[in-house]
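In what comes next, subunit A is part of two complexes: it sits with subunit B in the first one and with subunit C in the second one.
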Partner chain A sequence: MERIRRIPAQQPLSERLSFWGFALAGLVAALIFLMPVVWSLANSFKPAAEALAHPAALFSKSFSLENYRRLEGVGAGWYVYATNSVLIALGTVALTILVAVPAGYGFSKFRFPGQSALFMIVMATMMIPFQSILTPLFLILKFLKLQNSLTGLVLIYVTFQLPFSIFMMRNAFDAVPRALIEAARIDGASQATILRRIMLPIALPGVATVAMFAFLNSWNEFLAALIFLSDQNKFTLPIMLVNVSSGIYGIIDWGALQAGIAVTMLPCILLFLALQRYYVRGLTAGAVK
Partner chain B sequence: MARLELRDVVKSYGIYEAVRGIDLEIEDKEFVVFVGPSGCGKSTTLRMIAGLEHITAGEIVIGGQVVNRLGPGKRDIAMVFQNYALYPHMSVRENISFCLEQQRLSKSEIASRIVRAAETLHIEELLDRRPGQLSGGQRQRVAMGRAIVRNPKVFLFDEPLSNLDAKLRVQMRTEIKRLHQILPTTTVYVTHDQVEAMTMADRVVVMKDGLIEQAGPPQVLYHRPASRFVAGFIGSPAMNFLDARLEAEADGLSVRLADGRSLPVPPGRLCAYASHAGRAVTLGLRPEALSVRQDRLGFAKLDADVELVEPLGPATMIYFTLAGAALCASIDPEAAPKAGQSLPLSVNMNQMHLFDADTGLSLLK
Partner chain C sequence: MAFPTSPAPAAPTPAARPLAQPAEPKGWLGLLFMAPSLVFITGLFLIPLGMTLWMSLHNWPLLGRVKFIGLANYAELAHDMQLWHSLGFTLLYTVLVTAAIMAVALPLALLVDRPLRLAGLFRTVYFMPVVIGFGAASTLWMWLLNPDSGVFAQLLRGAGLVDSAPRPLESFWPALGVIILMVVWKTAGFTMVILLTGLQAIPADVIEAAKIDGASVFSRFRRITLPLMRNSLLLALVLNVTSSMLAFDQFFIITQGGPSNSTISAVFSIYLASFSSYRLGYGAAMSFVLLVVLVAISSVQLAFLRQRPEES
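Entry: the complex of A and B
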């Protein structure tokens, strides 16, 4: 705030105008991006009759939780799907971090034969379209007796999350000076201690970024969840949304759908707001010395 | 506290040999400074002693134990890095206690050692701050605190003052010397600054191209350099060098410069140089060997057309050209001429150095 107040006062008119022009353009862009979120939230609190009213109004005079109540009647109830989504997302985040952090550390700070080739191969897997290997993945999960299980789905998500996460963590560790590791080695710390007590706290923005991407991707993923899960009690929120939107007799229950969307997007927004400070720092780590 | 020995230590990176066989014995409590230009292998040698680099061949012995295969944490050494290498997310107290925690010392022992180290370095009031909140000099002190708190056998310093400004550098130089007097511990200190080397060391080791060029007390290196390289590296301003030929005369020896000028070798040096008569040599003269004209035994005369004058306070430097070489003389400020003037100078030939023109080695044995 201090900065916004001070800058126009000190600058010549042309610069002040360009500053306010920039601020206005930013505000308009922000409103455009915010609109669907606000629209969806507002609709989710409207009574069912008003959801399809013409002309459409952004806010209704009457406030109702009816749409959220109706979500409970969808399949096994929204909280079952939400719980599944939370379990899968947390499992994906935990396992991704558990593998990506040591892998990124290894690629960043150790030199071993075939290192570049191995890293290239790991990165190259990002180029494979997920849809093209659905069948072999299904067969592998079946062989491991993990089809129709949340654990199986977590493993699939982690696999697809890892290349980007390893890349991110390698960059994050690259930004940490080698002298810190050497100082810790002289201090008598083991590699595990160095990673846990020295490197990880410094590379925390990278970990936050990896965690956020893992969470968002697994939380929003639809196709794999639809294919690998067949038991209704194991479905995730995105699948629930489809079930809501293709309701009984093909009639779309817009109000319930908006309520479902609100439930689905809220954790993502909260997580992003909580981690955005780390997220930006994590993405730019290693870009400049 | 311990003796440190390097026995024919070699370090190769592929076909490139960074250190080409170093033999050195460092006595208990001795302060040894490795000095040399960039890429001479001094930092690599220090890192090998620390265990941060594997050695290709040879042995490193600390306190009678061969440590080739021991990790850095097991060598009982402490190191101060050029960029301090303080853990940025930890407070000063945590930075200093980290190594003690790795040794699994009791909390009370750790606390008392931190207090002692902080008192020694006057950093008591900084203990709860983060490294980012400290000035360069304070960070340097904390880095030293982290080193002394462990009571190591050997202290290693890797160009610890090169990130500080000139004034602070001089101050910290004195502090490190003071610290060594309070806690006499075997110390290896690496720098590219010969002034640091001269002022701090019990013994200076000059390195060049991965080899030790000369090792000895600072005064010996200054007055009896073993080679032209050492002579040029030690001393500021650097020694003046002139291409010449050592010639036998009827009454002794003389050094004939490229312009035909002849400077007589003083009687005290005749014995040492007699066998080298007729050889191409390099004459080395320190700036203080050149002074305003005085008629004394063993002093040769020459006239300088002064090109540049640099008043430093206690002495004034004058620059001129002689026999195609740029020379610098340190003279009494009272007698300082102006640029463009001619000044009669005396050369104290008792302070002359002669080096073989081909090998660069000193002709004095």
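Entry: the complex of A and C
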């Protein structure tokens, strides 16, 4: 993404000054963006009394996992909610890929009358937010006997991942050279073989982008999970956090909340750090178009 | 937005794509590949979209008889002060938060737009809060802000700036202020990346030429950089306005609509009508109004976006 250039020592003073100005300003901003996360993590490992007395301290005298243990007593226990979140996120990722990859292939490599109109309809899903059709979705899930079920939630998440994912996959398949496909066809490869053996390897970075967005969005989604899940054993991590943060008899267990926040946000941060370039590619896909 | 990080690519224009690509021998086979996605989009998007309109014409309780009442829900909407208040509040929030995000993201984009390893590191750090969900971020800020054991209260007291811990959530403007602060922290990195793509698309020789002509830093920025990154500025604007109009999580979690119902956003009032009072028909009518407002806003913005700078 960036060309790397070292700053040689013997540069004019003005340039060195401007470099240090940049580094200082950047560092201050970086601290502002980092500190809330660092404070929260630090406090999740502090015993309650110490967290209350010195919330801003980064290191505490005693390291403790007591907050994480108390989180086991919240509702059905945090690992139940973590399992639900993992199931929903993996389900959404798998199903989104399974549906969006063939669709992107179809939109990229086939032409038939009405195809552009169809593509516009798919993309319109992006213009209209899912918040505005929650009420009927609630009835449809009830009709399908999928209310209060993780499967129902996955189906909704997949639907709203689709426009972006199909758009990404179409662009990914557009990048596959025509000649390569022709050659394979002459060699007698079937449609399915062409898709699996030639197209997919080239389109794989696009699949990674799609998977990453599907994971993060379904892991973090709050409103639909709040509305469609009513059984305590079905809740996801964000719902658990809100239940902890609303307290019991007006008393909020801040320590357990910190532990819960850590469990909820760390997977996202680690995934982002590991697969950053796929994420940024997805973001800029819209901007460059 | 509840899918806070969906990038929503700028209106794709299939017509603009080269159709020169020779088609597959059997074009209709493509439909087979698309079929599963069309089932999803029809069943869980198009049908509910139609149902929203249909339901809005009914008195539709969760249990009990559904009754056709024509436009009565819309007539009621017109006199629903709480709804108008929440729409007004959502607009106020959208204007303020979008301005705040732009004011932070543009300097950040300019700061990290240099070919240094350190700049790449800064980019990653500024972007990090974007991938944390609004649920986790909101509860995290609830703790930061709480007067008893929160970090802000301790730091402010420690610095001797205040005598007693501030309670920002107890009155309207401070509550709105801290929400905006939280949202800027969480989403500025996203806008920064969008603006950065615009900045990086500006040819370096244009800037060089201006430098040689003796243009000052300020006039280079105003007369070259800003006009040339116009499209990514507009895209950032569209994405921020749409997502702010749909804000829910932070108001549900941090302010819980308070103090005295002053921070109930539009989506929040739909939630209350449909899933707290279980007046599904009325909630659908509200949804439909919000939908029309949103589509209108984004069409106007996208119309601007489609115009190339050289045409205007």
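FYI, the second predicted complex is superposed on the first by the 243 of 289 C-alpha atoms of A that agree within 3 Å, B and C clash if a C-alpha of one lies under 4 Å from a C-alpha of the other, contacts with A are read in each partner's own complex, and residues count from 1 in each chain.
In this section, a residue touches a chain if its C-beta (ideal position, glycine included) is under 8 Å from a C-beta of that chain, and two chains touch if they have at least 3 such contacts.
As the structure is a computational prediction, the values presented were derived from the model and not from experiment.
When the two complexes are overlaid on their common chain A, residue A:Tyr68 makes contact with neither subunit B nor subunit C. Ranked by how many residues of subunit A each touches, subunit B and subunit C are led by C. In the superposition on chain A, A:Gly188 makes contact with subunit B only, not with subunit C. Contacts of A:Tyr81 after superposition: neither subunit B nor subunit C is touched. Using the contact criterion defined above for the overlaid structures, shared-chain residue A:Trp219 touches subunit C, although it does not reach subunit B. Judged by the touch definition given at the top, the superposed model places A:Phe45 against neither subunit B nor subunit C. Residue contacts after overlaying the shared chain place A:Phe235 against neither subunit B nor subunit C. Contacts of A:Ile198 after superposition on the shared chain: subunit B is touched, whereas subunit C is not.
Of all the residues in subunit A, the ones that touch subunit B in their complex are 177, 179-180, 182-189, 193, 197-198, 201-202. Subunit C makes touch with subunit A in their complex at residues 1-12, 14-15, 19, 21-24, 26-34, 36-38, 40-41, 43-49, 51-52, 55, 108, 111-112, 114-122, 124-129, 131-137, 139-144, 146, 148-151, 154-155, 158, 185, 189-190, 193-194, 197-198, 232, 235, 242, 246, 248-249, 252-253, 267, 270-271, 274-275, 280, 283-284, 287-288, 290-291, 294-295, 298.
Contacts from subunit A toward subunit C in the complex involve residues 1-5, 7, 22-23, 25-26, 29-30, 32-34, 36-37, 39-40, 43, 51-52, 54-56, 98-100, 102-103, 105-107, 109-112, 115-116, 118-123, 125-140, 155-156, 158-160, 162, 164, 166-167, 178, 191, 213, 216-217, 219-224, 226-227, 237-239, 241-242, 244-245, 252, 254, 257-258, 260-261, 264-265, 268-269, 271-273, 276, 279-280, 282-289. Across the complex, subunit B meets subunit A through its residues 50-52, 71-74, 77-79, 81-83, 85-89, 98-99, 102-103, 146.
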